[in-house]
Amino acid sequence: MWINMGPQHPMTHGLWNLRVKVDGETIVDAEPEVGYLHRGIEKLCEDRTYPQIIPISDRLCYGSSMTWSHLFCLTVEDLMGVEVPERAEYIRVAAIEMQRIASHLMWLAAYAADLGLMIGFIYTMRDREVFIDILQALTGSRITYNYPRIGGVAHDVPPTFGRDALRACSYMEKRLREYEDLFDGSKVFMMRNVDVGKLRKEDAMNLGVTGPPLRASDVRYDLRTDMPYSVYPEMDFDVATHPDGDCYSRYRVRMIEMAESCRIIRQAVQKMPKGKWRIRAPRNAPVGTGLGRVEDPRGEGMMYIVGDGTDRPYRVKIRSPIFVTVSAAPKMLIGYKLADVVAIMGGLDMCIGETDR
Amino acid sequence: MTEGRQRVLREGIEKAPSRIDEVPEDRVVRALLDHFSSAVSDFQKLRQGVLRAKIERYELVKACRFLRDSLGFEHLSMISAVEYDNRFEVVYHIASYQNKLLLELITHTPKEDSAVDSVSSVWGGANWQEREAYDLMGIRFNNHPKLERILLPKDYLYHPLRKDFKG
Amino acid sequence: MAKRKGSGTLGLVVRPVRRTGKQVWSSLIRGKPNTILYPYQKLDLPPTYRGKHTLDFKRCIGCSNCVQICPNDCMWMEKLEDPELGKIERPGIDLGRCLFCGLCVEICPTVALHETVEFELADRDREKIKFGPKDLRDDTYAGQVVEERQKRLLPVLDMSKCTSCEKCAGECPEMCIAMMPIEGVGRSKPEINYNKCTSEGKCVIACPEKALEMKDVYESYFEMPEPKLVLQNCTGCGACVRACPADAIYMMDMPGTEKVLKDGKKGKPKKRAVFVLEKCVGCGRCFRACKFDAIEMPGVRE
Amino acid sequence: MNLYEFCYGIIHWLVDLVNNLWYWLGDVLPWVFGDFFDAVGDFAASDSNIAFFTILTEVLIIVIIALINVLNFIWLDRKFMGRMFDFYGPYYVGYRIGGWLQNLADGIKLFVKEIITPAKADRVGFLLAPVIFISSSFLALATIPLGRDFGIATNESGAGVPAGVLVAFAMFAIAPFSILIAGWSSNNKYTLIGGMRSAAQMMSYEIPMLLTVASVLLLAGSFSFSGVVDAQHDLWFAIPLFLGFIVFMVCLMAEVEIQPFDLPEAEAELVEGWTTEYCGMRFGLFMMTSYLRGYIGGALATALFLGGWHGPELIPDPIWFLIKAYTVFVIVEWTRWSLPRVRVDQILDIGWKRLMPLAVLNLFIAVAFKTMGWF
């Protein structure tokens, strides 16, 4: 029996369709379909000037919009050859890591709600609010920040930023231990997660799975250390990996990543130098290509911009991590139960905004 | 409980071992030139760890298989199609996990016959990206298992990222 | 199944129950829940919050840069008459389409646009969330907030007084004033490199005609397009001078182009426009005002 | 005075009042149907008729109490859940009484919604399912007495129906049938899977539950609730049969379909399970009945294991009973919101492989107690 899970379904967290063929409750075939939220962002970008694209790139992902606008600015800076002031880089790193924690918390919330643990949803959303508040004070907005600019950031940090960030980090580390009670300490949670949705290392590499699902399959690859892009080489942190490749490893990798992000925020706030936070960026891009590659909370985000000498890009190509990861879904799904669909697909952290673009 | 999880619970985080030896940029260049001397050209080092090369489209799949099997490029990051006045460019960004390299392979295809061989047999992750390139730019990929529209409706007529598409 | 020391099946069920019990204790008995009861308790918004805009009429010069940068095309320029300021043009915002990105505030060359923390803007009528310039007007707001943008005291040139005496160029300690000849006029005008300027003001003191003046100039992070004159097309009509919001264009006589009239006298000489690019805000109004294609400005919308 | 006598008095008084008028009419108008009036009056005053109406009144009283309890339960659930979730819960509607009126407001909202029947649904089954569900639940409720003298009885002496425990569990077990009907007749894949899951789950949890109940009945030596409760006058059965109590509570959570075991309406994978196609007040009835079943579960656990209405004399019996039922409900809610949902194969594993042996072991323990003569 083919079952359409989607486009409107509690499991999808957005607007996509997963067709599964079930035999009783066991999945024998699966076929994801995306494209319900295609907004043509790549085409829209060709019609706008470079500063005007920053708000659009924010809208790529509602969960981690800071990463995407940062990625766009990074790519355009690579295209134009702009050097960013050092203070701006530190501010960006602190902001991105906060965004990573907020995004992972939102994932954990949705994941808990998928597994039927509403209390996990509420607690994680409550703690996400702490970081959202700091980002709001930093950027002026709650979800779509529009904060990074070509050649720096929009404005300087507020005077209370460092204190708030350090406080939020210690708060978060305390909360992470409490989540261990709620998730790892729960027999039912372990029953639902361990040995579910196995993805072998070779499959993960071949199918283009990136980010936490890749690291959960025992590949130690993180663009922040392996192809450092901002001031990440000066930060001291570990890359989380887990050898099993099941849902529990994905959960575990993200939990460790949150703790590591707290470490990075601490260092970024303490090492932040004084000085300019923005320089005047050129209006026109030269003829050529720019490439940006960042570690999104969901995987490897990548942008490829072709400039043609005017103030508008000639072509913008966005690589969304989830678009590739979701194509590997049948590999993970087949052979498990219908109820495992929510655990497996929830563990991938779907974000349809960036998938369909 | 598997052995691996026991180890992780004990140690927290552990490091993955590297499979093959370190391959620096110039060795990639030399190996490619040795094997595909007629097809590969225009090597360029963009920055630390990022290479660019041009390749003729008839040797593409062979070269990709060689890259994956012999040089350790096991991850296809992105396939992007760019339209120019007289040609399409299909750009493959291929990453190596062990060697921390990124290779930008550029293939040209004329506008009248916009077709490239599919690399989805080499990297499974290329499957949907090639479908997307077909959907939005109209480049055909030979030997693709299922070349259908993916983001746009099945009965859509145009390829909207082409420059002659208006509204 | 991961087993920890001393936690069996029952222990693994009891741990989350204990965790939630602690929460009940802290939110029911010891304290209050975390919720903010929104319509009755207001949120504590930071001063950087991006909400409804305000416009300082006295600072605004009507350059329409904000209208051009707006990604959603939700702003427009409105012509109106003010008893104090006369005939002016000021921007209005359709907040129903605004995405509150703040680019208009950033690009404003005189920091006349601001964003307040007011965000409760919903209305049943679509027309009521279209805010014209008069609804946005708040001439006092700009002085109240802490200004984010850096201000610099810089010499600003008034070309109508300048006599091309080159005294300012000789006086500048940083050698940042260069006398550039103006084609067709036979004079030269000082061009000041603001990047090198240290705001010492020696050029202002040296100027005998008081053509240079120290003024507060806000630092702009946006590189704007610069107008370029095509001399053979320029008819000297002066439309660009009237259109320029920043008074950066001056009409100057071109000696040697006078027509000889019937009675042998020389008539009036031809005029041409001269741009003082330091004052230019890059809005492109001169480009749009010129009917003879005499001004080139790449990258400006028609 | 027990509930029967109370209702008997009311009905008798009412019948007398009406009959006086009736006979007077017969006297005034003898030429029409004098004999007929007399016959009707005599029938109305007959014992069987009065007993019938007495029992009807009793049922009415019990149902009204149950409905008020359901409202309380929903309110308590939301309020307790809210505090556990770190928010207020219902707050503004009925501000003075802690947001109690929110349930009524929600009920009104459900009433004014349009009721839709899917075009391809099996109409009879679709309409019948809520009826069966709610009526079987009320029938199960009818046999549970709230106090020694506060239950549906058929004569002056006893409280409750003889063999009431059996009737209650029989009625309690009808519900999966209606869920199956609802799931099948909605003509929707989600509801079908939900109905099937519900049937499998209830089938597998019915047996350990009844085994623990059998051990309780063995110790009490009675099939009626009053007998079971009276046997716990000195010692609650939850203490000697602790194992059975745990098994009973787990099975109860599965039977009532609440959180760790709410697979039939698992909202993440099956949109709303077997209630997907129901809307308006039909869904409201389902939801209300699920809380009603929660109340029945609490009452059953109280009567069978926690000593029923026994307690210090300061508080009247029904109040004791309700306090215990509410406590059971709160504990169930607590575990409910703290645990995720289990999977369908795991739930059957737990039912057959874990709870079943434990229930049998519990039965052995009860038999041992009985043969030792300790009870």
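Per-chain residue numbering starts at 1, and chain names A, B, C and D are given in the order in which the chains are listed.
The definition used in the following text is that contacts are C-beta pairs under 8 Å (C-beta built on N, C-alpha and C of every residue); 3 or more make two chains touch, one makes a residue touch a chain.
All of these numbers come straight from a predicted model, not from anything done at the bench.
Contact count check for A-C and C-D (C-beta pairs in contact): higher for A-C. Measuring from the average of all protein CA coordinates, the nearest chain centre is that of A. Rounded to whole angstrom, the centroid-to-centroid distance between subunit B and subunit C, based on C-alpha atoms, equals 44 Å.
Work out the mean CA point of subunit A and of subunit C, and you get 34 Å between them. Centroids of subunit C and subunit D (each the mean of its C-alpha atoms) stand 71 Å apart.
If you average the Cα atoms of subunit A and of subunit D, the two centres end up 48 Å apart.
Residue positions of subunit B touching 2 or more other chains, listed in rising order: 5. Counting only residues that touch two or more partner chains, subunit D has 84-87, 337-339.
Of all residues in subunit C, those touching 2 or more other chains are 1-2, 13, 16, 19-20, 23, 34, listed in ascending order. For subunit C in complex with subunit A, the residues that touch the partner chain are 1-2, 7, 9, 12-13, 15-16, 18-20, 23, 34, 45-50, 69, 71, 99-103, 106, 115, 148, 220-225, 298-299.
By the touch rule above, subunit B contacts subunit A in their complex via residues 2, 4-5, 7-8, 12-16, 46, 49-50, 74-78, 80-83, 91, 93, 97, 100, 102, 104, 123-129, 132, 136, 149-153, 160-161.
Against subunit C, the residues of subunit D that register as touching in their complex are 80, 82-88, 91, 334-335, 337-339. Per the touch definition, subunit A reaches subunit B in the complex via residues 34-35, 38, 40, 42-43, 203, 205-210, 218-221, 226-227, 238-244, 252, 256, 291, 293, 300, 302, 304, 306, 314-315, 317, 319, 323-324, 327-328, 356-357. By the touch rule above, subunit A contacts subunit D in their complex via residues 1, 3, 5, 9-11, 25, 112-120, 122-123, 126, 182, 186, 188-189, 191-192, 337-342.
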